[in-house]
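Order as written gives the chain letters A, B, C and D; numbering starts at 1 within each chain.
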Amino acid sequence: MPIIVSFVLLGIGILALVLRRDLVIKLLALGLINGSSILFLVGIGNRPSARAPIHVPGEVATFVDPLPQALVLSAIVVNFAILALALVFVMILVERYHTTDAVRIEVETSRESEEEETPCL
Amino acid sequence: MAGHVLLALVPIVAVVALTQSRRLSAIIGMGLLSFLLAAAYLVMHAPDVAITEATIGAALVTAIYVLAIRRTGRLTVVADEVPGLLAREGDRVVGLEYEILRGFANSQGLDLSIRFVPLRRVPWLIAHGEADIGAGGIIPLTESIDPLDATPGHLDTGVYAFDARDGRPTSELAPDYDGYFSELQSKARNGLLSSSATSLDLARVLSLSRGAPLEGLDRLDGRHGYAFLVSKERADLKRELVRYIESLRHSGELDRLVARFVQ
Amino acid sequence: MISRRGWVIGSVGLVVLFVVLLSFTYMASYPEPGDSARYLAIPLEDSGAANRVAGIYLNTRLFDTLIEILVFSVAVLGVRYYLSHSPQVSLPSLSESAVVRTAAGILGPLALLLSAYFATFGHISPGGGFAAGVIAASAVLYVAIAQGMQATERRLPPQRVATAEKAVLLFLLAWVFLPLAFGRAPLSELLPRGTPGQLLSAGSILPYNILIAVKVFLGAWLVIAAFAQHRGEL
Amino acid sequence: MPLILLPLLRFLIAVLSISIARARRPLAVVSHAVDAAMLAWLAASLARGTPVGWTLGSGSAGIGISMTGDRIGMTFAALAWGLSLAVNVYIWRDRLRPYFFLLVHLLVGACYAVSFTQDLFNAYLLFELLTLVSFLLVGYERRPRQIWASLRYLILSSFGMSVFLFGVGIVYAHCGTLDVGVLRPLIAASAGEPWVLLAAALLTTGIGVKAGVFLFSLWLPAAHARAMPAVSALLSGVVIKMGVLELFRLADVFPLRLPLIVLGSITGILGIAYAVTVHDIKKMLAFHTLSQIGYVLIGFGADTPVARLGALTYAVAHGLFKALLFLSAGDASAHVGSADDRTLTEHKARIPRATRIALAVGVLGIVGLPPLAGFDAKAILEDGLSSLGPRIIVWLLSIGTVLSFAKFVPFLFARSTVRAERPRACAYAWLGGLIVAFWPVSVLMTSVPLCLAALGGMHLIESLGSLLAGAGLYMLVRRRTLRLPQAIFRLEESPLIILLGFFLVFVLLFISGSAG
């Protein structure tokens, strides 16, 4: 179940990334794509009848696989880092072009010639 | 079971969130999705991941998005500093025009941001779309100064001019002040005010004359009023702003504000 | 040129095909759950952390965590570098209403408490340094909502916070290199493992958690403060 | 131990150079010296036949992160060191913030770690670090076009790395380990199973986005062309190579033979086609990064030991001359004020002499004039190709390279009125020297008989033949203008093209799986 959901989320994310023109929405879609890979990793470690991988003294139990969980912790932080930086760049672009429409920014950037290009702010 | 329900909800929330046309709704939707995922991780025996996802994915990321695009937009005001109208006091901004603009921004659901710039830069910034409204002791001589539009005055004032120079009539130069208010202040202290400004309005004269008496100033004839500047292309913004000021005047709030800040 | 409609249909078709292919191929050879739990075969005493995730995160795969912290630091630096050039917005105050302010005033200390718990008990219960740091940063955000951004920034000046952040990062790296002085490879464990489940156990995981919490707290606060100061006109 | 010390020391120096800004130049000197010593020690133990290994965490295989100083890793780490030295010399007198040095050191440290790491997830994290650092480096000057190119790069890379992570997850779900060395027998045992196909296709797609493979890395031309020259040199020279290296590692585990050859051919041919049609020389160099990656992939896909060694050698050779070309082209366009080849020809006197010599050496290296780097590496690679198809493609690529670089000839000969700055000239001398004297270097990387065979008469004739053919073709087509579709480079289309590439890889894997 989590596996299939993660694939579906990946699909939704890609579609939004492709079809929505607003850069902020594109970033949200990217966040969803990254989140889907995290759900997938947690999903493969999951076992229905197992317990969270934290030992309680005196108890014996089967645990779910802790490794994907540990990997995912790093992945979440990396995704946050990417998102924060991407958002900063979007803000800079907005200050310059007064739009978040990716298509319009594309047109504007290709219109500007290298010579008259000035550093942003 | 609870896990399955949570997981089934996630794609639905994702589709709803990503098809929103308002960015804020989309962001809040994705924040909600992160919380759902965190809950699902908890059910899937991954408490560490759930905590991290809830704190970073849901809280921190959403906070940063919202900070980056707080509310739906921003009302950018460029202004010269004038005590009583719009001036910094410590880390706050106070004054009559500030109160008007803040109320206006609130009524429009916009977020107010004020940039202090020299007065002569104000018209240029508005005309080039760098800011929405110009404020800070602006006294338009006519109602429209192409490509800008002025609102009807919200407070009557007087204009004082130094003796004419260069043979030009002083009234033409009336709105041309130079630099920040602090610059004027230091010039006034050194008695050099007339070299940088050709004319001054009542609010500036009052606050400058506290330091040293101002000499050589003549009051100009005619009615003058403080107003806001907007771009001609923003007719809707002007209409809303005028309507807001009118409503303030009708309710008597404007008089109260004037009494509080100017007299 | 392809019409907008054809474009939408084409991309939806492609993506649906992708998802279906992914699901079917994955299901065609469904892995036996439990095949993979090799890590559980390692005795608990290897890292000494009752929380196995923390044991992997900060012992077996410490190098990963180090890189992750570097990624985070680079992001903090990048955010500050790029935003330092965009115009500052003078914010009168973040607070909206008295209710919000009071709630924020109460939530702030609570969040700090929770953060301290997560950092110190990360090796025996869920939590860990990263979440702790982020929670602490959000606690400061609550304080900022209650008392205004300027007041908070005066108490935690970004310049000094940035210096402290670098210092903590250096300290963390120094800790990583410390085993070298004892003739062991960097990143290896020096402290005794102790009894799993007790507060003072699991070797370096506890100090790492606290260091990471401080580091992440400072970094996350810098990011939040930078975004609050220079909000884009989106 | 030096394996882990190499990246860790770089990370430490990165943080130190931003904490103590004044010490950043001495720190750079020290770090290069120490790295050189450690690399030499590692190379010596590799030459003795016992590659150094290092494992974090407990001993049993497949648990914890392990690193190996094998031939592939050593080659790429040495390349990273050489280019890092060149770039640090190049920017010696530039007024850059400590922040820039931090990024460069982090980039090099991450490259070392990617070179040695055997762990798939560790590679994922290192690639994300590389992505972030190069993203910030591309946008360093904050020009709007840089920012936009850089943002597209970040979004597509991040998307690609998520796809990679899916692949990592599938591998882990079935094998319970992420160590490439441990995975190899496990995957060989279950060859042809659906999950192997899926994992291989996902991992290849994800890495393809970082490795400069045409269908996947469509962000590359803009990002590499618009960055500062020093940054472009590093990105084209080593960062792309890290993706290639990871593809090599994957090809060791998964049956990627056919996909690599096909992707290599597509990358090479389309890269050349776009390179021929642009006038902006920096953009042209960026497209050539793609075309040259084509050679490397074909070589590695050919799956003979000699071709693999050739691919490795070519990757190093390409790193050297592409870095030299980016550095000198950036300098030239800074002096002239434009990167358009026609403007450069018009104002060619403004290009310093050292820069023009560097450009000439780089061009001769890339077009494969004997006995420079390009010729030598290409000859070793061709010796390893067993079938005719790849040989023909390699030959076509050589002609195409000559054809596109013929644009450079008009501004290479002039009487300069300006002198190059000394640090720049030193960097050129270091890279150019390596390119000219590449033969001994390639002996170190491969073996004496192979390198002697590369100097054979057939190769000489072939290389001169392709030079003549390319030059002749240039005479024929230079008046024509040709516009290729530019829409594929947009942010909207790129993810879909990546998906198409995924399908292609999947189908190719399926074909080669059922055929074998």
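To be clear about the criterion, a contact is a pair of C-beta atoms (placed from the backbone, for glycine too) under 8 Å apart; a residue touches a chain by one contact, two chains touch by 3 or more.
Here the structure is a predicted model, which means the values were calculated and not measured.
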Inset, instruction - Using mean Cα positions, find the chain sitting nearest the overall protein centre. - result: A
Inset, instruction - Determine which of the two chain pairs, A-C or B-C, is joined by the larger number of C-beta pairs in contact. - result: A-C
Legend entry - Distance from the mean Cα position of subunit D to that of subunit B, given in whole angstrom: 50
Legend entry - Euclidean distance of C-alpha centroids - subunit A vs subunit C, Å: 15
Inset, instruction - Round to the nearest whole Å and give the separation of the Cα centres of subunit B and subunit C. - result: 36
Legend entry - Centroid spacing, where centroids are CA-atom means, of subunit C and subunit D in whole angstrom: 32
Legend entry - Sites on subunit B at which at least two other chains make contact: 23, 47-48, 52, 56, 60, 64, 68-69
Inset, instruction - Could you list the positions in subunit D whose residues touch two or more of the other chains? - result: 121, 125, 128, 132, 136, 139, 142, 166, 170, 172-173, 496, 499
Legend entry - Where subunit C touches two or more other chains, by residue: 11, 15, 18, 22, 26, 31, 36-39, 51, 53, 61, 64, 67-68, 71, 74-75, 78, 82, 85, 87, 126, 128, 130, 223, 227, 231-234
Legend entry - Chain pairs in mutual contact under the definition given at the outset: A-B, A-C, A-D, B-C, C-D
Inset, instruction - Using the touch definition up top, name the residues of subunit C that touch subunit B in the complex. - result: 51, 53-54, 87, 89-93, 118, 126-128, 130-131, 134-135, 137-138, 141, 148, 150-151, 220, 223-224, 227-228, 231-234
Inset, instruction - Show which residues of subunit B lie in contact with subunit A when the two form their complex. - result: 3-4, 7-8, 10-11, 14-15, 17-18, 23, 26-27, 30, 33-34, 37, 40-41, 44-49, 52-53, 56-57, 60-61, 64-65, 68-69, 129
Legend entry - subunit D residues touching subunit A - in the complex, by the definition given at the top: 121, 124-125, 128, 131-132, 135-136, 139, 141-145, 147-148, 150-151, 154-155, 158-159, 162-163, 165-166, 168-170, 172-173, 337-339, 490-493, 495-496, 499
Inset, instruction - Over in the complex, which subunit B residues touch subunit C? Could you list them? - result: 23, 47-48, 50-52, 55-56, 59-60, 63-64, 67-70, 73-74, 76, 88, 91-93, 102, 111-116
Inset, instruction - Please name which positions on subunit C make contact with subunit A in the complex. - result: 8, 11-12, 15-16, 18-19, 22-23, 26, 31, 33-34, 36-40, 44, 50-53, 55-57, 61, 64-65, 67-68, 71-72, 74-75, 78-79, 82-83, 85-87, 124-126, 128, 130, 196-197, 223, 227, 230-234
